[in-house]
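Listed next: structures, encoded as structure tokens.
In what comes next, subunit A is part of two complexes: it sits with subunit B in the first one and with subunit C in the second one.
Now for the complex of A and B:
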């Protein structure tokens, strides 16, 4: 690609917009910017607004964000989808959030799908009766610790009250039962579902168990979903460092961890988009500060560990973290050097998720690969431009639909974990509390940023610029590869992983090397298609 | 154990479905619409439906699955989805330029009560449907039937919107293949060609969901039934509809609309169902069955007779879609196997009628419509089987219970082959025979004592 990215991409942007009718072009224009990483001159990008009907979007729905992403990975809750069968079926084991029960007797409901499978009569006469009965049957058969109820589109419209049923059944069964109003049409993408899940976990689960573990450095990891075993690798590293992980929201998690999460002394946020609400609310209610971390990338992992150590400010921890990094890095560097020799200088485009399109840029840059274009599927402006723009974000009708909980300090349990002096000192050293600088601050000047990319835009972008690798999801994967460009799925990792932490980085280096340098891309044309002019004739 | 909470004791359930053996109507409508050439399926509802359906079909085929959505938000749910659909139609024709937009509804737009024909009439009035382009639709409420019903409804929609009688009969036979794979559709067309019969197959996903890698993404791949072909089905000599659940609605509608006689057959899985298909096609098209097809049949009979002792008496559990299960069970009985448990999630009394006929000689057989895989697993726990056949979700049972497992049906998310190699016809039956033998014999090789480990089998 040409050196003058900004100019090249400005032309591309014009071309991409040309096809749309005027109104759509005007809307889409605001979702496409040429990046400037300088916070003073960084362009404003439109995000978290409605997708134009018919445009072919990557986005899913609120239910997917709530049940599929945030609550689904909790292994000992019976998650009942209240609705017709589809929603429960499609979110059944398709997201690769792995889980490891403690032993053979521990709960593991992950491999099950529970649904009320609403029929026409339930729609006409109301589905609450069936829902109540389904909750009873789930309790009778599975004896779970808790039951979650997830509303799907028709539920909201026919007026079934999942919360009332939950309250009633909680009383009747004596276990925790809670509902989620995550009808697919709420909000403009999965993102609304994350928020709804955060709210309900905060209201109904977090803080139920006040047992304080006898350990030194207690943290929660928020927004890590254990795709392909990522959380296992992060757990390994944290344990090696002597850091006590109280709860992960929600990869490899148990209901019990959530109940106890408020006893941690620090919240570490991985996926800012899906979980920042819980981090904020826990800070207000319990006094637990939060910091942004990123365990995607070996360097980022080391940086995040150092950040955690710095927060606790204990030389013993700092020393141990340094020892772990020193022990892990040589192996990482060995593999990186090998893969880098074949990947360096290649170009990357990432259009995925609400944090992955940012986090994975770290791993690519470790391989010497250049991110030239990126964007999120369902993130908000703060995930692009940083939390500094939060006060400037307009709250539209779609966002206003999602409940904002009013949280106050807990009269008994609020305890700010640091003294004012400690906070001031950390801040003076450049330590950032409750902050996320966003994707654009890290991307080079002149790169292209597109929010909620449409199919048309994606296809043209690939055709014009032929990146060496394009990262997206399953719906995009085979379109991209039909064009002869390798695609790495960053939702499911193409069934590989883990990619987090040190060992994850090694997996990623090799997977990317294998993918971009695969022989198959050279064999798309048959020999006779490559040189059709050589026509021989047999002489009889 | 992967399914550690599945207990032998079967407790009555009236409200809770656990591990479904079906999914919802719209995905079937989407799959069927992909079998029209130059057609973009459109999901009229929330974005999630379309995203889930595309994802599932893509995982099953490892192929692009293009479809659009009306992207409902709360506003559309309150005021109705007309504005969304009108806007979508405009963008789709401008940006993606299909010949046909095939709209299917969702539970959301059904509950709202959106009147699709009225919205389409409005789009036409507004001039949003260009000359020579079509927008068709079918209703696919997710709370009725299953994905198979949705498929049937979209195929019926094709009849409703396109079939015309020109008055003069054409020398062609309609084939409604039912919910089978692109490989199966290709094979059925090959068999008809081999017999010298001209057919119109609708839908036809071959050359759509098995497209070659060329370095270019063909948004509308070369396959699919064309609008012109669909407009001719009313003049065909007859219709062969394969599978009661997936295909009878369209065949009946076409007969009612254009007087085209039809026969509803089982999906041609296995020896006898293929025999009936070939025989019916022969009579309907008034042709002779060529020697080449007799030879294909002969090879299948030969292979079965060579290896019959391995099949005998083996107990099989199956789950999936009714049309497939009926034909497959019949084939297993032909092989002297015992399909003892058969579960479909799709509701329909017809299934139980069909199964009691097919399983007449297996008195211990249990079968259920509107059942789930959890129940099937409980049956297996109570009395084990030698083989399990079903979609990918069966692998959890297979591993827990240590049962040989053959993937068949929809969706298959963890293996390839189904879109390339047919299961229908004599050749498809041979593939089934090979798969069943492979599973049974691999197990024997794994489990037998060393002294009886055989070189020749």
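Now for the complex of A and C:
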């Protein structure tokens, strides 16, 4: 691609917008910016607003974000979808999040898909009775630790009260039962569902178990969903460093970990978009500070570990963290050097998720590859431009629709983790609490940033620029590949992973090397298409 | 034959059906230049796209009218019109197939009325054909959405007139390879035909050397228009309800000769299709197919010793189950469990007609069941093999029974759309796969690693 990215992409942007009717073009224009990483001159991007009808989006629904993403990976609770069959079926183990029951007696309910399978009669006469009975039966059969009830579109419309049913059943069964008003239409994307899930876990689960584990460095990892085993690798590294992981939200997780999460001394946020709400609420209620971390990329992993060590400020931990990094890195570097020799200079486009489009840029830059265009599917402005823009974000009707919990310090459980002096000292050293600088600060000047890229725009972007690799999800994968460009799925990693941590980075280097240097693409054109005259010579 | 009611439970555990608009979306993808549009929340389009894509491993564009909370209160008319406008601008489709969802159905949107308004406002030039079908997920299952969409396309697009030599065939929800085989057969019989839907290319296409805005292939709209002028119409599927049977509709409305046949799985059902086509084409069954049939019988003879008396559990859409059961009975196997998540109300009756009397009482038939019901039947019957989609894998694993993957969805193997189930050729492949799975199970369980079995 030409060196003058800004100019090239300005033309592309114009071309992409041309196809839309005037009103749609005006709206889409605000979602496409030419990047400037300087916070002073960084352009404002429109994000987290409704997708225009008829524009094929990558986005899912509120239910998908709530049940599918955040609560789905908890292995020992029964998640009942209250609604017609589709929603439950489509969210049945489709995200490749893995879990490891601790022993043969532990639960693994993730293989199951529970639904009330509402029928027309339930829509007409109400489905609460059916739901109550379904909860009872699920309890009888599986005896889970807790039951979550998820509302789908028609439930909100007919007025079934999932929370009332949850309260009644909690009383009757004596286990924790809680509801989620995550009707698909509620928010602009799955992002609304993340928020709803955060709220309910905070209200109903976090803080139920006050047992304090006997360990020195207690953290929670927020927004890590154990796709392809990412959480396993992070757990391995943390354990090696002597850091005690109380709870992961929500990869490889148990209900019990959530109940105990408030006893941690630090919250580490991976996916800022899906989980920052819980981080903020836990800080207010329990006094747990939060920091942004990123375990995607070997360098980023090392950086995040050092950040955690710095927070605890214990030389013993710092030493151990350094020893672990020193031990892990040589192997990583060996593989990186090999892959880098074949990947260096190649171009990448990433359109995925609410944090992945940012995090994976680290891994690509470790390979010497250049991110030329990126965007999120369901992120908000702060994920692009950094949390500094939070006060400036307009609250529209869709955002107002999602409950904002009023949180106050817990009179018994609130505890200062650091003295004011310690906090000031850390800040003076450049340590950032409760902050996320966003994706655009890291991307080069002149690169293209598109929010909620439409399927049409994506296809055109590939046709115009043919990047060496395009990262998206399964809905995009096959059209990208039809156009002769390799696709790495960053939602589910195809069949691969883990990509987090040190070993994950090695996996990623190999997978990307294999993809961008595959010979398959050479066969697309048959020999007779490449040089017809040659065939003619033979025939003669 | 023992007909089973689903176990009395309100909680569905691992459903054995998908939702209504998925079937409709697949049908619209089988029309040339068509874009499906779901009227409702964008999540429906996204979920259905990702589910179809995981099976077909092909791009699947489905638009949505993206309801917001206010659309649920004031109606989705404005959203639908805007969606149509935007889809037309981007894709210039020949047809837009609009399927409703729980959301638009629950609030009672009158889609036909909205479309009439849109047509008036938009005007005729450049306007694609608009077809609408009612597919709330709280009614029926994906197979109902499929049949209803086919019927809606025919009812809203086909017109009558002097008869042509064309034959119209409604293949039902089968694989892309099945559709290709059907087309090959029709071509070999020298028939001019319409096959609706035809997603053999759109959902199992070639790599592109130039960019395509809509995947090429599919039943041409011009031919669908002429469906009322067909010489004959064939509906494959015996469990299909009368009001969903598009061949019957063409017969009643336009006096087209209508036939209803089973899915051509196994010798008997394929023979019936071949004989019907021979009559319609006025010629003998091409030698190629007679040879395929001969080879298949020869294989039946060679391998029946591995199969005789073996029990199979079959699950999936009613007609797929029926076709499989009919074939299994032919080769001496017992279709011991015939289960479907759908409710056609006809599976038991149709099975009774197709299965030999001697096997009465050996088959458990269950409609409207989930995989937990099927599990309980498996506990009781202890089949030797499972035949169905990949969602049965946990049961295969739990009970150590081989799973022969057929139908939809197949998410744990590649090649789902290339699986052939139909005709002598498809039956041959099925037969070989089943025999080999049983041999393998025996081999794996034997104390010695025999390489000659």
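In this section, the second predicted complex is superposed on the first by the 533 of 540 C-alpha atoms of A that agree within 3 Å, B and C clash if a C-alpha of one lies under 4 Å from a C-alpha of the other, contacts with A are read in each partner's own complex, and residues count from 1 in each chain.
Definition applied: contacts are C-beta pairs under 8 Å (C-beta built on N, C-alpha and C of every residue); 3 or more make two chains touch, one makes a residue touch a chain.
Please read these numbers as outputs of a predicted model, since none were measured by experiment.
Superposition note: with subunit A as the common reference, subunit B and subunit C are in steric clash. In the superposition on chain A, no contact is made by A:518 with either subunit B or subunit C. Looking at the shared chain after the overlay, A:4 reaches neither subunit B nor subunit C.
Contacts of A:60 after superposition: both subunit B and subunit C are touched. When both complexes are overlaid on chain A, the residue A:109 reaches subunit B alone and has no touch with subunit C. Of the two partner chains placed by superposition, A:341 touches none, neither subunit B nor subunit C.
Contacts of subunit A with subunit B, set against its contacts with subunit C after fitting on chain A, overlap at residues 19-21, 24, 50-64, 80, 83-92, 94, 111-120, 122-123, 130-131, 133-134, 137-138, 141, 152-154, 156-158, 184-186, 188-189, 397-398, 401, 454-456, 459, 473-475, 477-479, 481-484, 524-525. Within the complex, the subunit B residues that touch subunit A are 1-5, 7, 11, 13-20, 22-24, 26-27, 42, 45-49, 51-56, 58-59, 62-77, 84-85, 87-92, 94-96, 106-108, 110-112, 141-144, 146, 211, 213-219, 345, 374, 393, 396, 413. The part of subunit A that touches subunit C in the complex is made up of residues 19-21, 24, 50-64, 80, 83-92, 94, 111-120, 122-123, 130-131, 133-135, 137-138, 141, 152-154, 156-158, 184-186, 188-189, 397-398, 401, 454-456, 459, 463, 473-475, 477-479, 481-484, 524-525, 529. Every residue of subunit A that touches subunit B in the complex is listed here, in rising order: 19-21, 24, 50-64, 80, 83-94, 104, 107-109, 111-120, 122-123, 130-134, 136-138, 140-142, 152-154, 156-158, 183-189, 397-398, 401, 454-456, 459, 473-475, 477-484, 524-525. Considering their complex, residues 9-15, 17-22, 37, 40-51, 53-54, 57-72, 79-80, 82-87, 89-91, 101-103, 106-107, 136-139, 141, 205, 207-209, 211-213, 370, 394 of subunit C touch subunit A.
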